[in-house]
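Note that subunit A is present in both complexes that follow, paired respectively with subunit B and with subunit C.
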Partner chain A sequence: MPQRPLSPHLSVYKFKYTLATSILNRAAGLVLSLGLPALVYWLMAVASGTSAYTRASALLSLGVFKLLYLGQLAAFCYHLVAGVRHLIWDTGRGLERAQAQRSAWVVAGVSIVLMVLLGYWAFLAGARLS
Partner chain B sequence: MAGFRLPPNSRIRKGLTHRATPGAGEVRAVRIYRFDPTSGQNPRLDTFELDVKGCGPMVLDALIHIKAAVDSSLTFRRSCREGICGSCAMNINGVNRLACTTAMQDLSGAIRIYPLPHMSVVKDLVPDLTDFYAQYASVKPWLQARTPAPPDRERLQSKEEQERIDRPAACILCACCSTACPSYWWNSDRFLGPAALLAAYRWIVDSRDEATGERLDELQDPFRLYRCHTIMNCTDACPKDLNPAKAIAEIKKLLVERQC
Partner chain C sequence: MSLRSPLGRVLGTGSAKEGVQHWWLQRLTSLALVPLSIWFVVSLLSLPSFDHAIVAAWMSQSWTALLLVLFVVVGAWHSQLGVRVVVEDYVHATGVRTLTLVVVTFAHALLAAAGVFAILKVAFGSAA
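Let's look at the complex of A and B:
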């Protein structure tokens, strides 16, 4: 008997709010862990004294890194808010279909607001302070 | 393991087109996944131009019409035609549902029908449900009690106790939820899937069942239960409006609570 085929899955399943929020959360988590080396480098420089810190500060202030921070900031905001949604789910609340649909939009909205606020603070207000 | 691409023997070829008869009223394209195990060829996607006025309103009516009038080799499961047997579960326009309770007028564009996702296909729209049923059997979906039943009457429940199992007990095992779950797609050999876990929950919270501890022991496993990442595709897909995602969350809660 010939081998049975596997029915199509990702290629045919409708990309609904369920899949969108889940895959975004995973992607955000991945982005955050990719940004960790930069954070670890900065922390090590802080611990190693003035000259190392000055060198690290100069390097990490480069434009390329600003782009990285923007990505980190967006990923952090989404991951945080989506994580809170998961925490609420873990208490057994908000798991009805209509509630989950609504909370998906709430997560999107709140994380965008948070991104804008944190982004303003980090890139505009903060830059003026220094 | 997660394999995002279909294996070479599963990639879909271009299929045949069955034109509508001239003079047909309202014509709608119905694209159907076809696999003939005797052909030795890959699956294909056939297009049937269907005269909607010539058949009943549901997707199942269209399938029955096509089988009767156009291509008798079209193979699919169906039985009750009223959403209680769960036989005609399939992927219709990207979502798992029952063909018998899905009205064609509620679907936009061409109607696209595939077998339940990420399953081994026996023929056309018929997936192999052997593992799915084995997973259901593995949660021991029957009453387990050591104390004998009262000699003069049934094991009684209060209204509240019955209400706890009322919804989960309405599952028809159509497999729409499990085959909508990406965790189940990637780990169906070790993750029990929403349908089996909903059944497990139904017996865990049954006030007459006395094997609650053993049932929870069986589920305390990184794969059987905890591959659920609350994606919610199961609850979103359920044609009976049941809530496997909530049942799984409640099982996780019970497992934590019993450690306190």
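Let's look at the complex of A and C:
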């Protein structure tokens, strides 16, 4: 087989909003994948009884994990909104350049608003819980 | 213009109709995750505390357990589909790529199974 260049070539594309929204969505998805082991660990701890849960809670309250939750929150907001944009694209709508440019701004705006609202709620919940 | 290869035409082979399966499953799981993930975040942040008794009581409610199982299974599935594409795109050495894909798939299967097991154990009331 001839060695042909395969997409994606991050280094050869001009950095534009199309590349930014696409690679951010992928990065956010990867961050969310990192949350899965933490979630399952937490669920297993609940199932293992109170003493195991206390130990797991101590671990999951470490600063590293608080950083992870912050990342999860931001990644969730972006991945959700950008994912809905992709689902709309899959119906064949909004693919014109002007529309895609506009929806990129909508995705950025909506996900940032969502991050602030959800972040505020999570902060309140965190303050109440600890 | 036909895109079929001469060899394929002679052998009478064609599409196995599975070319879009990965794409289709990624859309299906993402569609399901829109309501599931919103429910999970809202439900989790609405808990009065993260004490064991509170969380266990929450997990043993029938609807919570059912939706949690769906969230963990569909979430792990969607994650596996996504991470797989990232590995296929960026890990170029064939051997390392295959090995990484095996590890990624096994890890996701393990996480999904463990998650479901934990939820059902609490839901069926055998948690200590």
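Note that in this section the second predicted complex is superposed on the first by the 113 of 130 C-alpha atoms of A that agree within 3 Å, B and C clash if a C-alpha of one lies under 4 Å from a C-alpha of the other, contacts with A are read in each partner's own complex, and residues count from 1 in each chain.
What we mean here is this: contacts are C-beta pairs under 8 Å (C-beta built on N, C-alpha and C of every residue); 3 or more make two chains touch, one makes a residue touch a chain.
For clarity, every value in this text was computed on a predicted model and none was experimentally measured.
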For this session: State whether A:30 touches subunit B only (first), subunit C only (second), both chains, or neither.
Result: second
Problem set entry | Partner chain in contact with A:108 - subunit B first, subunit C second, else both or neither | neither
Exercise. Of the two partner chains, subunit B (first) and subunit C (second), which one does A:50 touch, if any: first, second, both, or neither?
Worked result: second
For this session: Applying the touch criterion given at the start, work out whether A:14 contacts subunit B, subunit C, both or neither, answering first, second, both or neither.
Result: first
Problem set entry | More subunit A residues in contact [subunit B versus subunit C] | C
For this session: Quick one: classify A:38 as touching subunit B (first), subunit C (second), both or neither.
Result: neither
For this session: Considering only the touch criterion stated at the top, classify A:100 as touching first (subunit B), second (subunit C), both, or neither.
Result: first
Exercise. Is A:88 touching the first partner subunit B, the second partner subunit C, both, or neither of them?
Worked result: neither
Problem set entry | Which superposed partner A:70 touches (first subunit B, second subunit C, both, neither) | neither
For this session: Tell me which partner A:22 touches in the superposition: subunit B (first), subunit C (second), both or neither.
Result: first
For this session: Residue by residue on subunit A, keep only those touching subunit B in one complex and subunit C in the other, then list them.
Result: 7-8, 86, 90
For this session: Would you pull the subunit C residues touching subunit A in the complex into a rising list?
Result: 27, 30-31, 33-34, 37-38, 41, 45, 47-50, 52, 55-56, 59, 68, 72, 75-76, 79, 82-83, 86, 89, 108, 111, 114-115, 117-119, 121-122, 127-128
For this session: Using the touch rule from the top, collect the residues of subunit A that touch subunit B in their complex.
Result: 1-14, 16, 18-19, 22, 86, 89-92, 95-97, 100
Problem set entry | Touch list for subunit B against partner subunit A, complex | 4, 6-7, 9-10, 12, 33, 35, 37, 40, 42-43, 91, 93-95, 112, 114-122, 127-128, 180, 182, 185, 229-233, 235-236, 241, 243, 245-246, 249-250, 252-253
Problem set entry | subunit C-touching residues of subunit A, taken from the complex the two chains share | 7-8, 26, 29-30, 32-33, 36-37, 39-40, 43-44, 46-50, 53-54, 57, 76, 80, 83-84, 86-87, 90, 118, 121-122, 125, 128-129
